[in-house]
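For reference, the structures are reproduced in the following blocks.
First chain A sits with chain B, and in the next complex the same chain sits with chain C.
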Partner chain A sequence: MSFPRLNFLTIDRDNITKSLFPVVGLLLSFIVCGAILPFFNINPFSTYASIFGRAFGTMNGLSETIGAAVPSVIVAIGIVFVIRVGIFNLGAEGQVMFGALGAQIAAVAFGSAPAPVAILLTLLGGMAFGAFWAFIPAILRVTLKVNEIVVCIMLNQVAIYAIGFLVRKPLKDPNDFNAQAVIIPENAWMPQFIENTKIHFGLAIALALIVFIAWVIKRTVFGFRVNVVGASERTAVYAGIPAWRTILLTFVIGGAISGIAGANEVMGIAHRLQATVSGNYGWTGITVAMIAKNNPFMLIIVSVLYSALQVGGLVIQITQHVPMELANIVQAMTVLFVLSSDFLYGKYRQRIDGHAGQSAKPKGELV
Partner chain B sequence: MSEIITGLFSSMFALCVPLLIAAEGEVFVERSGQFNMGIEGMMVLGAISGFAATLATGSTLLGFIAGGITGGLLAIAMFLLIYKLKLDLLVVAIVFNLLAAGVTGFLATLFINSSSIPVKCNKLTDLHIPFLSDLPIAGPILFSKNYMVYVAILSVPIIAHVLYKRKFGLELRAVGGNASAAQTMGIDVFKTRMKCFLIGGVSGGIAGAYLSLTLGMFVENMTMNKGFIALALCTFSKGKPYGTLAGALLFALADSIQIRFQPIDIDIPYEFLLMLPYVLTVVVLTISAKRSREERKYA
Partner chain C sequence: MSNILELRNISKSFGTVRANDAISMSVAKGHTHALLGENGSGKTTLMNILFGLVKRDAGEIFIGGEVAEIDSPLDAIRRGVGMIHQEFMLIPELTVAENILVGVLEKEKNIDIKAERKREEELAAEFGLADKLNVAVCRLSVGEQQKVEIIKTFRQGAKIIVLDEPTSMLTPQESDYLFELLNNLTIAGATIILITHKLEEVLRYSDDVTVLRQGKAIASLESKNTDKYELAEKMTGREILFELKEKNTKPRAKRVSINRLSLTTRSGRHILKDVTLDIREGEILGIAGVDGNGQNELAEILAGVRKATGGSYEIDGVPADGGARKLSESGVSYIPGERIDVGCASSLAIASNLILKNYDMAPHSKHGILNEGAIKKTSDKLVSEYQVKTPSTGIPVSSLSGGNYQKIILARELSSNPRFLISVQPTRGLDIGAVEYVQNRLLEARESGVSILLISTELDEILALSDRIAVLGSGQIVGILENSPNINIAEIGLMMTGGVQHLERIEAGGTSI
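And now, the complex of A and B:
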């Protein structure tokens, strides 16, 4: 039986070839979309040019791109971690929103503390609320075997309405016409690395999280248990690993990580809770995790490319009248291409080497 | 008071249709041992293609047909990716849902929301059955609905008949119960599953088309995760057609309560009313899971 592995710094032919797939997939979906766009009277070349011109061409755009990439990287790390235990955390979107809510509450409560303490407490607030929103599907799943996917999707919808209500009524800034919460105290703001940009301390948190989660999976007893449970729950129980507790804990940690992404938005970008705080980062993170799989470097690269698409997508809608949903179509198509190329590569290796290579999906690995 | 209750039950029958159609299609998928998470995407695309077809031809029937075809094509594509390319079912479903949301958003921005005047197509109209529609309470509740309500509800016994009394139903339940045993019996597992998945997709598309055709317009993200509620319905009724009908009516009642009380200025914020169907789904799933565990204990 093959174990799911974190391909962290393991270099062999398979891994190098496979790490090219996301780029190839993205190119392919650009080509396919580019072939379809002329039917809608849209010039693909100028559209793509303005997407990337906006996302990477100016300092302002670059700052937007990196600012948007940070939360999707954070969410994606959480997804990758929870997949290890055999669960797909589709509730990331709701957990991001609740993390933002927790950060708002904690920041208002502890904002008078000196900056490092306030930041830490605000982050913890976000983590706690994100973890709580993941605890519901997790506990239902481990005790009653309720399908966590449906519960997660339902809770996403509930979170949208809950946050909508909170920013409209109890948390609303009385001096503001729009439905949004009060601005959090400046002590809880993320310090900016470069003045007046969206490149802030959240970037460091995201990078640290990648290393931390890789370390947990690779080097700790808990990470080992997560891998065993993910490979086979029955084997884990047989080996004396408390499977249900491991699943519960992993799921809740995943929720806490999504909560960090939400807190990061409140503390670094908006400085207040808004109804649109999640910015679809939950779903972007999920797609990033599906493409980049276990490769931490790919996680960063794909996140940046996806955020560039989102940032550029906003611009093409305004300047070229091309709907910004084009970005989402390209993203989703990329996943299909990457996954299919995995399969085709496996077939190809089978023919060349007479064995399946790594194409045979290790048990317990969802993606 | 009686007016409110009549109104509640009257809209219950109209609102149960999309859930019912989607869930009855899902019965086939679930009974053949599969799980169609992509139903949300099929509903969204069914909604927009049903709207487009009705806008072009003026006929709601053609709208439903277009929605069904779209859902079916999507189902076949998903099925082939899952069984031929051996991709993970869940991953394919997520991608298709995201893709469907992207494509409908793209088309809606280009063609529907481009002008400030909302584009409208022919709406489904309520039938007026002579004599029956004029009955005091039963009239508005039961006998003045659009034709799809009757089609959806009358299809339940037909589905039950196919599922329990017909060769196809027997085969698909055999496949769902034990696929390798079914194969040994000479049943083509692949084909049976494909047919069931196709049925699920077509009904998902029709359910989506119903959403846009009752409104007479297409709104982005108008399915609001109703597809997943339909999945949950099918799960907790354990794939039984009549149980699914009861579940769909229950959810439609929650939905009609939500719609009825939203404009009235009561102390409950409208967001909590909107949450109702989703919270109910989680609660019902939890209760039914508990029950099934107890059933297993005494079995």
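And now, the complex of A and C:
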């Protein structure tokens, strides 16, 4: 019996400097925001202490932080996977909503089954519906070359109104005043890791997904195809790799992963479909993926930090009298700084490697 | 002999790269001066400095004995320096006459249109463009557009005309004719600077030559007192033998037979029409032709990347169809013309690119899971066997030089023991050493019995390697010739341009071949 080879989990050595730049960007954004806050008569130190103290220091806060990080990171890993094939899945928000819908339907249908079976089937329901919502832009893209970004953004709107309609009319819980679906059977609920918190089985699913997707990308034949198609579709065609099938399948898998995030919300938090079920995680996930530079393991750190800012942002309104808008600005600054670190990294490489147009190496030397 | 142009200690760095390192050169009035060097040796940078497109870090320029401060192309034009780039700077929608006029107007505002028109007519007649003066530039051939550029530059009053690789898009006749015209200009008092990496061109057409290597001027020689061995050594820094492997074996049985392959666009335009060819075992069939006459499409169809609209082809009597992957498995290898976008997925690791066509087979994978160890073993073996210079197989292909890039593709395509190899422009843009390497590998493959279709726009390469030569013009096979040392190059050149029209021009120009 040998140990499984886990070296696909490591970050490529060439990427270490590259991964450092976003971290520097993150720290810079804290410093700059900290420099702004005094102009509003706000003490930056106590504000940051309050944000992170709330987000990590109390069980309640930690529950909120993890509760927000889990769906974000699930969406983000799907985004990272789909980006490998060269597609930017901006439809995650709609796929999350449809995943939640699928979970609601499956849970109601199979809720009488024993818990593990019910949970599995409910997750599968969420995945199927999320996949379906990604299949539409995917098939349009590969057959008719329709721009997937436009279709995705449109479908997000369709999903919002479709779910809104469903929870108000056909799926509405008749015994409830609010527009929400019936509570799903308890067998389909996510088991809680810590009582009365949002820390539940979804966390394990998220971590497993990250490892699994990283493994697929680096270690499987399918992942190999995804990488080639993403690097150059023309090379893929040249090598006889079925480019359009790979794109379609990857996109649909990405949708299924977003669907898990939706199912996670229904099964773990609300226990029913609501119009607000997506919690914007479709968008948060995209942001997290971008900040983490599509690196699977950076996703964990980024999603937790990002969620902490959100959770802490709520509380500093009360304790520090910082308006929510300022907390949002801090978040936006983080994104800006980290994304521009990409540009700075490019500049840095240019200085190291010399002018882009002129190669420093002598070419074609044989001896 | 007076020097019309002197460059003294010109230096220019991009980042940490010294593109020009204290280069000095003198150009004699009325001479054709070749600037020879490999890709990246700094010759275009140096000339861009002279033309005011690139700002120099240090050094002085003297034109006609006076210090010339050149900060922009307009300065250069005022000083009588003109430059013709590989990409022409013409306005495609305007006519030849209008384009020339635009050039003149850049320099002076008050011109006598009638006199100018007359002058243009004279020049156009001299250049064999008399009937093209009122034709839009986009309707002209590349060779004709180049002549318009030369007329335009000359009319701007250029006394020093720099041409950047002017023959790269021309047939042999067109090249001869071009230099005939340039020679006339030098007799009229102009000075020509010829940027090139082709040794033959230097020896044949230039009076003097300056050799650059890695940003330094290595030597200045009189062209008649040197030979290609000396030039190649100065250019590369080591001895080049120009010895391709002997062709020993005689071609054997017929292996590939291509039967009336056609490709028609939806709008009914023929890209390829009834292409019929046979290639024998151990034979190199060269396809000569000007770029854009259906070569790429032919290669893609044969490799299964593109579907033909008519015709078929067989390998050893078995119909070859079923897409790129199936053909590759049945022994078809393909070295595409576009190395960076097609031949390799540049951002992926060398190892991935080496197993691009057998990643999903044993030993590289099992049950859909890649075997890292086997992949590393294969790629390490190929990298050493094909002498790819790289620190590891884990780095992206994009960090390699052109020659090493092509070696990755060669390694992948030849290591599968193909029966039929399609090779498009295998040495384009490579340096002498890498060219030699690639060509010898192709000859080795031929020795071992591979049938090779060699598509190249470099006629010299076709002549050096092929057993037979087919000429492709406007998507049709114009003719097939046996290759021999005394093959009629003029005939091939004529076929390449479709014949008749070109012949007239040569006669009018009085070029001897």
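The working rule: the second predicted complex is superposed on the first by the 289 of 367 C-alpha atoms of A that agree within 3 Å, B and C clash if a C-alpha of one lies under 4 Å from a C-alpha of the other, contacts with A are read in each partner's own complex, and residues count from 1 in each chain.
To be clear about the criterion, a contact is a pair of C-beta atoms (placed from the backbone, for glycine too) under 8 Å apart; a residue touches a chain by one contact, two chains touch by 3 or more.
Predicted model only: the values in this text are computed from it and were never measured.
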Partner chain in contact with A:336 - chain B first, chain C second, else both or neither: first
Touching partner for A:63 - first (chain B), second (chain C), both, neither: neither
First (chain B), second (chain C), both or neither touched by A:162: first
Which of chain B and chain C A:237 touches, first, second, both or neither: second
Set intersection of chain A contacts, chain C complex versus chain B complex: 361, 366-367
Sites on chain B touched by chain A in the complex: 37, 81, 85-88, 90-92, 94-96, 98-99, 101-103, 105-106, 108-110, 224-225, 228-229, 231-232, 235, 269, 271-272, 274-275, 278-279, 281-282, 285-286, 289-290, 293
Chain A to chain C touching residues, read off their complex: 5, 12, 14, 219-224, 227-228, 231-232, 234-241, 350-355, 357-367
Footprint of chain B on chain A - complex, ascending: 40, 88, 90, 136, 140, 144-147, 149-151, 153-158, 161-162, 164-165, 168-169, 283, 286-287, 290, 317, 323-329, 331-333, 335-336, 339-340, 343, 361, 366-367
Chain C residues within the chain A interface of the complex: 14-17, 19, 38-40, 45, 214, 238, 303-305, 323-328, 334, 336, 338, 341-348, 352, 356-357, 359-360, 365, 368-370, 372, 387, 389, 394-395, 401-404, 430-435, 437
